[in-house]
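First the structure, in the form of structure tokens, and then the observations on it.
Letters are used for the chains, namely A, B, C and D, taken in the order the chains are written, and counting of residues starts over at 1 for each.
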Amino acid sequence: MKVSVIGATGYAGAELLRILNNHPAAEVVHITSESHAGEPISDIYPHLKGIYDQKLISMKEIDMIGKDSDFVFIGLPHGHAMTVGKALENTPCRIIDLGADYRFDDTSVYEAWYKVEHTHKDAPRVYGLAELYRDRIKNAKIIGNAGCYTTASILALAPLAKNHLIDVDTIVIDAKSGVSGAGRSAKQANHFPELYDSFKAYGVATHRHTPEIEQAIADLSGEKTVLNFTPHLVPMSRGILSSCYAKLKPGVAAEQVTEAFEEMYGDEYFIRLLGLGGYPATKNVRGSNFCDLGWHVDPRTGRVIVLSVIDNLVKGAAGQAVQNFNIAAGLDEKTGLTMAPMYP
Amino acid sequence: MKVSVIGATGYAGAELLRILNNHPAAEVVHITSESHAGEPISDIYPHLKGIYDQKLISMKEIDMIGKDSDFVFIGLPHGHAMTVGKALENTPCRIIDLGADYRFDDTSVYEAWYKVEHTHKDAPRVYGLAELYRDRIKNAKIIGNAGCYTTASILALAPLAKNHLIDVDTIVIDAKSGVSGAGRSAKQANHFPELYDSFKAYGVATHRHTPEIEQAIADLSGEKTVLNFTPHLVPMSRGILSSCYAKLKPGVAAEQVTEAFEEMYGDEYFIRLLGLGGYPATKNVRGSNFCDLGWHVDPRTGRVIVLSVIDNLVKGAAGQAVQNFNIAAGLDEKTGLTMAPMYP
Amino acid sequence: MKVSVIGATGYAGAELLRILNNHPAAEVVHITSESHAGEPISDIYPHLKGIYDQKLISMKEIDMIGKDSDFVFIGLPHGHAMTVGKALENTPCRIIDLGADYRFDDTSVYEAWYKVEHTHKDAPRVYGLAELYRDRIKNAKIIGNAGCYTTASILALAPLAKNHLIDVDTIVIDAKSGVSGAGRSAKQANHFPELYDSFKAYGVATHRHTPEIEQAIADLSGEKTVLNFTPHLVPMSRGILSSCYAKLKPGVAAEQVTEAFEEMYGDEYFIRLLGLGGYPATKNVRGSNFCDLGWHVDPRTGRVIVLSVIDNLVKGAAGQAVQNFNIAAGLDEKTGLTMAPMYP
Amino acid sequence: MKVSVIGATGYAGAELLRILNNHPAAEVVHITSESHAGEPISDIYPHLKGIYDQKLISMKEIDMIGKDSDFVFIGLPHGHAMTVGKALENTPCRIIDLGADYRFDDTSVYEAWYKVEHTHKDAPRVYGLAELYRDRIKNAKIIGNAGCYTTASILALAPLAKNHLIDVDTIVIDAKSGVSGAGRSAKQANHFPELYDSFKAYGVATHRHTPEIEQAIADLSGEKTVLNFTPHLVPMSRGILSSCYAKLKPGVAAEQVTEAFEEMYGDEYFIRLLGLGGYPATKNVRGSNFCDLGWHVDPRTGRVIVLSVIDNLVKGAAGQAVQNFNIAAGLDEKTGLTMAPMYP
């Protein structure tokens, strides 16, 4: 399979190259960057020296890219993938977008939260969270790869929502991410000394991953869902932990919670169940495509607390994209994704 | 004022020495350690070289310590302060315990959560959270200094609980602490490479600071309170951020929330109000006795989210102890505590 | 004493405010910033909220600043302090420049390394390293505060150079600094995820602190000195460690090395001697004005290795500036500088 | 090829499992631990859950292990591999020891630095630094895998020593390592808050990697070599940077230095030459088997400064062991080792 990466110089793009490097069935043909077109990617990312030394080109060459590629991965800021999607509309080239443009069934939700007009409303798209929507992904033209916080949060809550074990209007998601989630652009707020030995929240009640989580929980539970999602910045590079709280419906026992997780994920390679009382740590999934889950039931308050960890750049971005690619390309879903987490 | 520190080699004890070093009205007469008795404290903590080089003694010499001291600070693991408290019962020496032994009105709650028999049930004690219980602290014989997570969490929720703006049974507290909060003893779990670039939760639904927060919220609101408190470990040294969630009672507006904070804390030196929409960061209070608060109201879900940060070793331990000492000794409450946060 | 800070929004400027906050004999009258003039400093540095909330003004108001101040601290990039120095030339206001403009006896050395014309060659200036040049500092009009790497390195080598115990042409200085030394401006290279869990060198054989160290060693030893100085970036906020290597002159014993350190620094409050075989750690001086020194003699190679640590923003910048201020103002040298290091 | 890992619960052992997991020609048959025999490795290292869940056995079963394995990797503290080596002496099983027992030609050097009697002096062994001793490794019975600091340092200096471009008695090596290099055992000194935001040296003039580097430089240059090697601890998990200083012999030009590197390493896959003026960073090799090299010539002092980075657990331990295994097993040297570095 020939693949190209549009927007290869962000962290997700670079991570995609790291993963594709060991993928036996994918060959990277083009990589693009508008600000670095003409430069070898290894000048921008010296860790890729000797691995990928090819030159970046401009995405203005989208026609050529489309012709040369079976699949195109897009790692652009939101609002830009739509242009690529439309340009490749009538080609056989399939698309996996790591951004938000193709994640929403209802584009008015996208427009309300992202403050951008959606210009590709009728795009033939599916939501790219493999464990939940594997069947739809198989033949999709465009896959809207799930976001990082959302992947961790939805996988944590899906068994409970689907089995109607919780009141969806009591959901509170308190999530924490390493700084790579904020992208590669240097900003004052993410300057090293500003964040080191510091911890803070951001985007309270306004973060754009909120409606994406709500969409999935509503889809699974069949109930309209509004919830609180609060992201925080951890002074580390990689990893997301989502702490998800909800009231159990009256009479729901801890065993039912455990059963719901085991039934839904028992056969999933990338989901590792740490069980009732389990404590996942982001380091245990770092560099891998795993999502580790542990759950707790508090008899005093009647709440269930689910803890979920992923590597935001792998299962939360590039790894999930390759997993979706494998499904869409008819390959074994694990192809190129069996690397063990890097510890310590 | 002559003061002594029982258990000076823990992080809170060392921090107490750092703060007392610049306190104009306190002289440190004795410092104790059972494992290092006979050694100069600066051998254990080289950062104190030239500042405190005096030798540690054993707390077996409690009679002498009591005689020589106006105040004794205790930095021992829970269960041990009671012994000291009883030994000094009939002396004029007053006690500020940084541990949990004297924090609970109802010692059966202490016994249930700490799995230790309380042997000093009738101790003349007050809960040492100065902003809430200043008047009681003034003349107390024994002050049970508030815990680190609890200080951050109670200060965040107090204005809301006291003014009946929230449903107390919807409270969820998701808290995050730097590793110094786990103490100075080396453990596998806190070995540097295990925690670096990692994030995890612990003590879900079972952490001992839970009943301490519930006690204060119940006291303020007049309602029995059970809540969820979840601590997490951040790969950094110092700082706690508490993210507190609760449903606002019907009809409560954002302005009322703001008013409650301003009314309660407007004159407090150590509480800095960042206002509606404010984002405190732990680094902004590092090394200082400040508690920074920001609050958010989500009209979609009807929840208020309060963010609270402190330095766990200062306002969460040694600084608060000195604040309590100042009150009890009849000094200006800010004495020795006006150091600016250390940034970056 | 009335003092002002020109360029208060860099890290050294902010640190100066932290230290001056607890200085009993200094009152901050003006603080300047060109990019933030008109804004309260606590908007730029929220950690100063409630401590310094005054507004920044432009340094265009230098005449007023000069009139209102006994001392002016300058925290500007190199090349800009000269303008301030000339503007205040004929006023009684004295100057402590934290930058490089006034550090060199021979301005042609400055011009060669800094690639800037020196426009204030005849400035009445002294080199501001208190332990070595205390007497000259007393009455100086302009004090060129020593640099961060240079302070750590010169203090490490001074006793050996002065007592002719080493061959100065064998000196190799391998220094390591936390990222705050690179300043507050956001740059791609210092973006949090780029540096976290990474270590690298920079400025090999070209760093501008090289000639400053050479000037001091030549002055102390009476021998022309060229040496290698290599800075490295440590993924932490604060602290410098300088590892200094030199061949001992034939027959020099370890005892003589120790004697040289004790003789030169035995009475210095801010220099703590860890002795032969001592291992200083940057954390033990963090937030304080101390310089900790340990030295090692290797009989196999005939080299002495001196290890030196300081807090780059305190003894390497703002603390040293206040120390120089105390000397110049006729105060006790330790005034406002006795804060204990912050550990852990 | 069937392989076993003796001492699988140290960091190097766990890293070996991470790498072997993606090795197409190696099957892990036994893994041992004395303290955790009987437990699944994934209980000790949860990041391996679903990848390696097999149980640890005791190395008392060395006969069975030897019979079942073509190769045995040893990840034990020094002094213990000799026992394994002798036990497998008369079996066809070959050995790759990650410790120091088999690294020295002259066992009296080992005994002098490691303070242990060498009980396997006549062992048929080779020094396992593939780029230098590839030919000897091919048919070796026992391979003494090069150490972490030594690999970085020797590779940096080898082209200069071999081509007689430097005076070997002027060599100074200032090296810095992440904390994983100190092993997995919890110690007070490596407790998270003790090291965070701190930097220090250790083992000055006494570190055991010194004679190992001297052995290689002497072997390459043909000159007896004593040098200074100083290790430092960086507050990060992984990575070593070695800054190597030496005086160039009179008349040696920068071009000759560059030629020496290109000639020696031009065809080496795992050595990436960043050239004259190059600045390697540990993050660029993290998780990979690469060694990145940059060199600088200072005309002022006549010194060459070589900067060298590796991942201490990969090229400095487990990766190098697999590289040696590939050579010894007749496989392509890169097999299972082409994973890209993990960035950021």
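For the reader, a short list of remarks on this structure follows.
Everything that follows uses one rule, which is that a contact is a pair of C-beta atoms (placed from the backbone, for glycine too) under 8 Å apart; a residue touches a chain by one contact, two chains touch by 3 or more.
Small disclaimer: the values here were computed from a predicted structure and weren't measured.
Minimum number of contact steps separating subunit B from subunit D: 1.
Just to note, of A-B and B-C, the chains joined by more C-beta pairs in contact are A-B.
We define each chain's centre as the mean of its Cα atoms; on that basis subunit B and subunit C are separated by 36 Å. One simple way to say how far apart two chains are is to compare their mean CA positions; for subunit A and subunit B this gives 38 Å. Residues of subunit C found to touch two or more other chains are 11, 178, 180, 184, 193-197, 235-238, 281, 283-284, 286, 344.
Across the complex, subunit C meets subunit B through its residues 11, 14, 17-18, 21-22, 45-51, 180, 184, 196-197, 237-238, 269, 272, 274, 281, 283-288, 290, 292, 338-344. On subunit C, the positions that touch subunit A within their shared complex are 11, 178-180, 184-188, 190-197, 235-238.
In the complex of the two chains, the subunit C residues touching subunit D come out as 169-170, 172, 174, 176, 178, 193-202, 204-205, 226-228, 230, 232, 234-239, 241, 243, 245, 279-284, 286, 296-298, 300-301, 303, 305, 307, 309, 344.
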